[in-house]
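Input: structures, listed below.
Look for chain A in each of the two complexes below; its partner is chain B in the first and chain C in the second.
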Partner chain A sequence: MTEQVQRARPWSAEVIGALLVRTSARIGLAWIAVLVAAAVFAPWIANSHPLYLVVDEKVSFPAMRHLTAADYTWFAAFILAIFAWRLRGPVFLRFVGWFLSVAIAGLIAWVCVAPPTLVIHEQYRELEASGRIDFVLRAPIPYSAKDYLRDYGDTGIEAPLAASDGRVHWFGTEDNGADVASRMIHAARIALGIGFIATGIALIIGTLIGGLMGYFSGVVDMIGMRLVEIFEAIPTLFLLLTFVAFFGRSIYMMMIIIGITSWSGYARYVRAEFLRLRDQDFVQGAIASGLPLSSILFRHMLPNGVAPLLVAASFGVASAILAETTLSFLGLGLVDDPSWGQLLNQAVQSSTFNWWLAVFPGGAIFLTVFAYNLIGEALRDAVDPHTQRAAGGAAR
Partner chain B sequence: MKLLEIRDLATELSDGRQWMRAVDGVSLEVRRGETFCLVGESGSGKSVTALSVMGLLPHARHRHPSGEVMLHDEAGTGVSLLGAGDAVLSGVRGGRIGMIFQEPMTSLNPVLTIGEQIEEVLLLHRPELDAPTRHERIRAALEEVRIADAATRMREYPHRLSGGQRQRVMIAMALICEPALLIADEPTTALDVTVQAEILRLMRELQQRRGMGLLFITHDFGVVSRIADTVGVMKKGQLVECGTVADVLRRPTHAYTQSLIASLPERLPRGKRGEARAQALVALRDLAVHFPVRRGLLRRVVSHVRAVDGVSLEVHPGEVVALVGESGCGKSTLGRTLLRLLEPSAGKILLEGRDITDLSHTAMRPLRRRMQVVFQDPGSSLNPRLPIATTLLEPMRVHGVGNDEDERFARAAELLERVEMPADSLWRYPHEFSGGQRQRLAIARALVLEPTFILCDEITSALDVSVQAGILKLLRRLVDEEGLGMLFITHNMGVVEYLSDRIAVMHAGRIVESGRTADVLADPQEAYTRTLLAAVPRLDECVT
Partner chain C sequence: MLTYLFRRMLLMVPTLFGITLVVFVVMAAAPGGISVQSLVDGSNLDAEARQALEDYYNRLYGLDQPAPVQYLRWLNNISPIGFEREADGTLGAFSLSKGPDLGVSFRYGRSVSDLLAERLPITLLLNLLSIPLIYAISIAIGVQAARSRGGRFDLASNVVLLGLWSVPTMLVGVLFIGFFASEQYWRWFPTGGLIRREAVDQTFLPWLASGMDVLWMLAIVALATTLLVWAAAAASLRMRRLGGAVLGGVLGYAMAAQLTGFAPGALHVVLTLTGAAVLGALAGIPGTGLRIALAGGLGLMLGIVVARAAGVQVVQTGYLFERAWHLVLPVVVLSYGSLAFLAKLTRASLLENLAADYARTARAKGVTEETVLWRHVFRNSLLPLITVSATLLPSLLAGSVIVESIFSIDGMGKLAVEAVQTRDRELVLSVTLISGLLTLAGYLLADIAYAIADPRVSYD
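Here is the complex of A and B:
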C-alpha cells in the first residue's frame, strides 16, 4: 500500500497529459490543428478580394467587407475556444459554456453581418489591368473558392502550374475553373463541422438513451434495446440519398441524419458502463445518502463512464466525414459549396484522369480520417487503467 | 536437508520510468518436509520473492542487482534459478516446483475441462506416459485432494466447481508431477473460513506424506500458526525476523513483528462498554428477500433463491451488532435490504419505531440521512472523479445540513479530523489515498449526515492488519462516544471479538444463533456456530 501523496489533478487533466505524451496523438492533433487553422482563417488565406487595397488614393479592405456570417462565427468560435482553454473550472462546464457562447455569436452574426450580395471576383484583376491600383495586398492564394475565373474565358480543368497567362494554381483548377487549393481550404469547414456536429448529436442521443437503459434496466432496457436494433437496421447512406432526393441538398440536414442514425453504438457503450457502475459501492453509497436521481446519473455515474465514449466518438467523427465525402463523391453533396468529395468526383468525370483532383483532396480525406483514428487509438490507451496504473500497482 | 536456498536476493521492478526495490536482500532456506511461511502486509514483497524464484516476473520490467536462488536435488547438486534460461525454467516450473495462486476463480482456464488442464502438465513433464496411465494418475491426484467422484469430475468444466473445489484442483495440478517444492501464494485468502480450514489440513497432510518443501505466503497470522514450521516476517522488501513458529509468534524479537501481532483484532485492548439503551434503532421483523429464478421461453418463475429467509434482528443505540456468516449466506443482501437498496419480499423494516418497508423512494430520501453505509471495497467506495470535498459536501447540501457552504466546509474539515485524516485531504482525489485512508474517508462520508445508524459491510477485510486495527478503534470510539447503532457485517471472528456487543450468526439466509458476543463465542449452542468457530485459525494454536 503506497502511503505517498500524489499530485492532485482531476481525471481530465490526467487523460490529456497521457494523450499528449503519445507520438501518434501528437501527429493526429497536429493535422487537426492545421485543419482548424485552415477553416478559421480561410478568408485570409484564400480569397480573390485583396486584404488591403488602395485605389485612386482611396483605402479599402475588400476581404473584410466580404466576410460572411459563417466566417465571423468560425472566427468567434476560435477566439472563444482559446478563451475557454485558458479559463479554470471543470472541462465539461467550460465546453458547454463555449458551445453556448458560439451559438450566441453565430446568431448575432447572422442578424448583423450583411456582406454585399453581388460578388464580383474579377473586379480587382480588371482594376489592376487598367492600372488604377496604387497598392494591393493579396491573400497568399489570390482566388476565392467560388471564383470561376470568368475574366480568363472558359478555362476549365488545368493541371497544377500549367496556366500560361500568368495565373499560379499550385494544386491546379477544377471543372469550373476554380482554384483547387482554395476550394480545399474552404472545404475544411465542412469536414470539421460535419464530423463534430453529427457526432455531437449522436453522443447526446446515445448517452441519454443508453444511460436510462443502463440505470433503470428492466422494461426500459428492453424497449431501448429494441430501439437501438431498429436504428442499427437503417442504412445511413440510403436514408441520406432519399432525403436528398426529397428535400434538396443541405449540409445541416446531412449532419442531423448522420447524427440520428449513428447514436446506437454510443447507447450500447453507455448502457454497459451504467450497468457496471450501478452496482459500484460509491453509487450505492450515493443512493443511500438520499441524493437526487439527476445527481446520481450525471455527477456520479456519467463522468465515470465517458472513457469508452470518448474513444468511440473520435472514430465516429472519422466515419461521419467519410459519409459526407461519399455523398459528395456520388454527386449528391452540396451544390456550389466546396467539399473534398466533390473535388474527388471530378477526378474521373472527364475523359482524362486528372491526378491533382484525386491526390490532393484524397490525401486530405485520408489524413483527416487517419488523424482521428490515431487520436482514438491514443485516447483508448490514455483512458485504459491497465496502461495507466502501472506505476501504483507494480510492487504488489 | 536443503531444498531451496535464497541468498541475498534483491529484486527491482520498473514502471517504465524508475526502478523500485521490491525485495531487498532476502536470504532464506526451505528444507525438505518443512513449511516455510512468508508473512507480511501488502506491498512487503512476499509475492515478488516467490515470483522471482519461479522466474515469473514481467519480462524486461524486473532485474536482480544481487542474489542467488538454488534448487537442490536429493544428491545435493543444485541448479541456479535466478536468470536461468527458459529451457531450464520450464523444466523446473510444474515439474520440480509446483505453484498455487490466490484467486481460485481465475486460475483455471474456463474453456478446458479439469482433466485436460491437469493432463497438459503431465504431457509436458512426463511425455513417456501413455494415455490410460495419465488418466489413472489424474484420477488418483483428484482423489488425493478429496474431490468426490473424481472420474466424472475430470470431464467437467471449472464453472461447475465451488471456490474450495477449484483450489483443490489447483493443488492436484501443482502436485501431479510430484514436485519437491510447492509454492503457495495466499491460497486460502479468497476462501471461507471452514473451507480454508479443510484446505490447510489437506495441504499439511499432503506435504507430510510426500516430504516436500512448502513455501507458503500469507498475511494471516492465524493461518501461519496452523501450518508453519518456520516463519519469515517481511517488511518493505526485507526479511526482518526469521525463526520457528513458536519463537516468532510467542516471543517476537523484532519491533515490527511485535506491533503486527499486537494489532491483531483479538489482541487489541478492550475498554469498558456502556449498556445499550432499550429502544431499538433499527429492527427487522421476519425479513425475507427472494430472488426469482426464471427459466424457459416464457421466462416463467420456476423457483426462488431464498437469499434472506425470515430474519428478525434489532440494533440499539450505542451498540455494535456483528452479523457473521460465510460467503453466500445472505448477509450482504440483508444489509442492502435494510437500507432499502433492495426490495424485501416479505417482513418489516422499522427505523426508530417507524415502518419504512413500503415507503416510496421519494419518501425514503429524507430518512436516508438517519441510516448510512460503508462498503467493503476501498477501491470503489468513493467516486474517483470527484475531490473529497464534493463527495462530503453534496449530501449535506441535499439534506440541508449547515446554513451555507462555509459552515458545511467547516463541518467537513471537522469530520476529517474525527476520522484522523489530514485536513488538506478535502482537495484531493480518492486515488491519492491508500486503502485504509479511503475507508476512513468513506466513514466520514457516512458520518457527514449525522446518522443514528451505520451499516458496515466487511469494511476491513481488504485492509492490512495494522490498518484494520486503526479503523476498528475509530469505529468503537464513534459508537461509544456518540451513541450510534452499528450493524457490522464480517466473516472475521477476531474483529467480532474486539468490536461487537452482540453477535448474530447467519447461515443459508437464516440467523441460526444470536446473543451477547462473549457468551456465544465462549459457549456456542448450535452445531453450525461450533464448526465456524473451530475453523477459525488462531494465533495460540501453534503446531509443534
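Here is the complex of A and C:
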C-alpha cells in the first residue's frame, strides 16, 4: 500500500502552500499586504512634515524628527517580521520570538524616542509662503492625520478636489478639516492592530478555557459550558458598548475589551477537539508516562487541534475589525485618533450627505473584512482533508 | 419532551443570573462606576438640595451600599417573589406576590418596564419581519446554487454572497440614507423613524380620489405585474436577457433624469449601463421561482409608479403603505448579512446531502432528480439552518442597534446605546436581561424545531 514514502513536510508549509494556490486567498493576502504597507509607512506616505527640507541653507528631516514611539514600533515589527520569515525553525517558535522582540522594541522606543511635544503642522506651509525654503521634499499626501489646516481658516468638510486655494485632497476633508486620505492611511494601523491583538487575546482565553473543559470534562466542562453560554447569550455588541462606556476609550482598552468579549467561539472549538483527542492513544500514552499537564495540553494535544482554530481566527479578525468600526460609528470609539468607522459616521452626521466620507472609509472597511473572510474560506478548504480530496478528485 | 423542556427552562435561570452578573460586575468595577456623585454632578444645586437629592437616590437605588449588596437588592427587585421594599429603602417582609419590578431609569425618570414596553415591540417588529424574509430568500438562492453546482449562477452567487456578508451594516445604512433618502440625490424613501406624524391619523388603506382611479391603479399594476411575470416565466433566455437589459437601461436613464434632467450626460450613460447590466444578469438567473418573485416585485413597483405618473389621484397614502414604506430600508439593511450567510449554509448543506448514500440509492431506484431534491434531501438539509436560527436572533438584535441608530428608530437597540452612554444602571441591566432572555428563548425554540424536523433526535 505504501509504495512511496513521502518526505515529511511541516504541516504549516503544506497549509501555506495549499492556501497560496487559491486565487481568492491571494487577493485577500494582497489587500492585507497593502494595508500593512500603509500602516508601517504611514508617516512617509501622509505627513504634514516634509521628508527633506532645506531652509536658509540648513538641511533638516522634519518627518524623521517627528516620528513617535508607535511609528518606530511598527517599523521594527515590519523589519523583524521579514527576519522571522527568513529564519528556519518551527513556525510557532518564530512567531513567539517575533512577538517578544516586537514587545521589547516597543518598550525601547517608548523609553528612548522623544518627538517634540508641540506639533505645529502649519509652520512649513508658512515658511513656504514666506519664500525662505530653498528645497523641500514632501510626502505624497502632504497632510498629517491630525492636521486640521488651521492656517486656511475654518475649512470643515470639503468634497474631493474641491478646494480652490491650491490644496489637493484626493478623498476630500472631514468635519474638522483634516485630509480623509491621510486619516484613512493612519487608521489602517488601528484596524490591523485591533484585529490582530484582540483576536490573539480571544484565542488565548478561548484555548485555555476550552482546553481545560475538553481535557477534564465532567464538572469543569459543565461549569465552563455555562460560562460559554452566558457569553454567547449576551449580544456581543451590548457587552462591548457597556464595557466601552464604563471603561475608558484608549486603543489598548478596546483591544482587550474586544478580546474578552469574543472568546466563547474558540473555547467551543478547542473543547470539541480536545474531547475527541482525549481518548486517543498518543494522549493516553503521554498521561501514562507522567508528563506534566501543561505539556500534555499544549505540546501534545493543541498542535493536533489547531486547524479549526486557525480558520475561526481569520474570521475572528474580520469581526474584531467590524466591532471596532461599529463602536467608532456609534460614537464610542477613539476620540481624536483616526478610525474608519468614525469617518463613516461623519458621512450623515451633518445635515448633508457627504458621499466621500461614506464611500472611501466604508470601502476600506469592506475590503478588509472581505479579505479576511476570503482568507478564512480558503484556509478552511486548505486544512479540511475532506474538501481537499474532493478538489483533487474533481477534474479541473 | 415536556420534562426536557422543563429542565431546559430551569437551566436558563442560572445563565440569566450569569448574564446580569457579568454586566453588573463590568459596571461596578469601572473607575467612577455608578455613584450618587455621578448622578448628581452637573446639576446646579445648592448644598442642601444636593444632599436631599443624594439621599433620595441612595434610598431609591441603594447606591451607598457595597456592590454585592446592590446586586442582591436588584435581584430581589426583579424576582417575582421576594422581600417587599419599603418606602425608606429598607427591606420588608417576605412576600410571594410582590411581582417583578425593573426599577426606575436614572435618565428618563420613568419606570424601566414602561420604557421597554414602548421600545421592545418596535425592535421585535423589525426582527420578526426580517427572519421570514431571510429564510425565504436564502433558501431559494441556496437551492438554486446547489442545483447548478459549478455553474455560472453558483460561482457568481458565491462571490456576491461572500461580498454581501462582508459589507458592514453601517456602510449600507449610510449609503441607503445618503442616496435614496436625502434631498441631494433620490428622495424615494423617508430618512428615518417608523411613521410620519400626519400618517398616524390617515386611513388604514390608501385612499384614492375616485372609483375610476382605483380601477385604473389596479389595472395598471396588474398589467405590469402579469407582463413581467409572464416574461420571466415563459420567455427564452435570450429574450429575457434582452428584455431585462432594455428595461434596466430605461430605468437607469430615468434615475439619472430625475437628478439632472433629460439631457444625456455622463451620469445617464453610467446609470443606463449599470441598470442594463444588473437587470440583464438577474433576468438570466436559472431558477424560475426566483425570477418570478423578482419580476413580480419589480412589476408591482413599476405599476404604482406608472399609474401615479399617468395621473391617478392619491388623496392619502394611508397608514399601511406609510408604515411599509418606512420599513423597507431598515429591514433590507438588517437582513442582507444574515441572508448571505444562510444562503451559503443552505448550499453547503444541500450539496453534502445530495452526495449522501441515501440520495444515491434514491437515484438508483429511478427517482427523478427533482423528487430526490425536494422529497429526500431538502428536509435533511434544513437541520443546520435550524441550528443556526438560534444564533440568528442575537445577531439581529446586535444589528438592530446599528440600524436603529442610523434610521433614528426609537427601538430597544437605540435605547441600549443611550443607556450605556448615560450610565443608566437600571436600564442597562434590564436591556441586557431582556435581550438575554430573548436569546435563550431563541435557543429553546431552535431545539424544539430541531426535534420536530428530525425524528431521530430524542430528548430524555
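Everything below uses one rule, namely that the second predicted complex is superposed on the first by the 376 of 396 C-alpha atoms of A that agree within 3 Å, B and C clash if a C-alpha of one lies under 4 Å from a C-alpha of the other, contacts with A are read in each partner's own complex, and residues count from 1 in each chain.
The rule we apply is simple: contacts are C-beta pairs under 8 Å (C-beta built on N, C-alpha and C of every residue); 3 or more make two chains touch, one makes a residue touch a chain.
Since we're looking at a predicted model, the values are computed, not measured.
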> Once the shared chain is lined up, is A:241 touching chain B (first), chain C (second), both, or neither of them?
Replying inline: second
>> I'd like to know which partner A:362 touches here: chain B for first, chain C for second, both or neither.
In response: second
> Can A:230 be said to touch chain B (first), chain C (second), both, or neither?
Replying inline: second
>> Between chain B and chain C, whom does A:332 touch in the aligned arrangement: first, second, both, or neither?
In response: second
> Of chain B and chain C, which one touches more of chain A's residues?
Replying inline: C
>> Looking at A:303, would you say it contacts chain B, chain C, both, or neither? Reply first, second, both or neither.
In response: first
>> Let me check the overlay on chain A: which residues of chain A are in contact with chain B and also with chain C?
In response: none
> For chain A, which residues are in contact with chain C within the complex?
Replying inline: 226-227, 229-239, 241-248, 318, 322, 325-326, 329-332, 341, 344-345, 347-348, 352-353, 355, 358-359, 362-363, 365-366, 369-370, 373-374, 377
>> Which stretch or stretches of chain C touch chain A in the complex?
In response: 14-15, 18-19, 22-23, 26-27, 30-31, 33, 162-163, 165-171, 174-175, 177-179, 182, 184-185, 391, 394-395, 397-398, 401-402, 405-406, 416-417, 420-421, 423, 428, 431-432, 435-436, 439-440, 443
> Can you name the residues of chain B that touch chain A in the complex?
Replying inline: 13-17, 20, 22, 41-43, 45, 47-48, 61, 336, 339, 341, 364-369, 371-373, 375-377, 380-387, 394-395, 398-399, 427-429, 431-432, 434-436, 442, 445-446, 449, 464, 467
>> If we count contacts the way the header does, which residues on chain A are in touch with chain B in the complex?
In response: 1-3, 5-11, 280-282, 284-292, 295, 299-300, 303-304, 390-392, 394-396
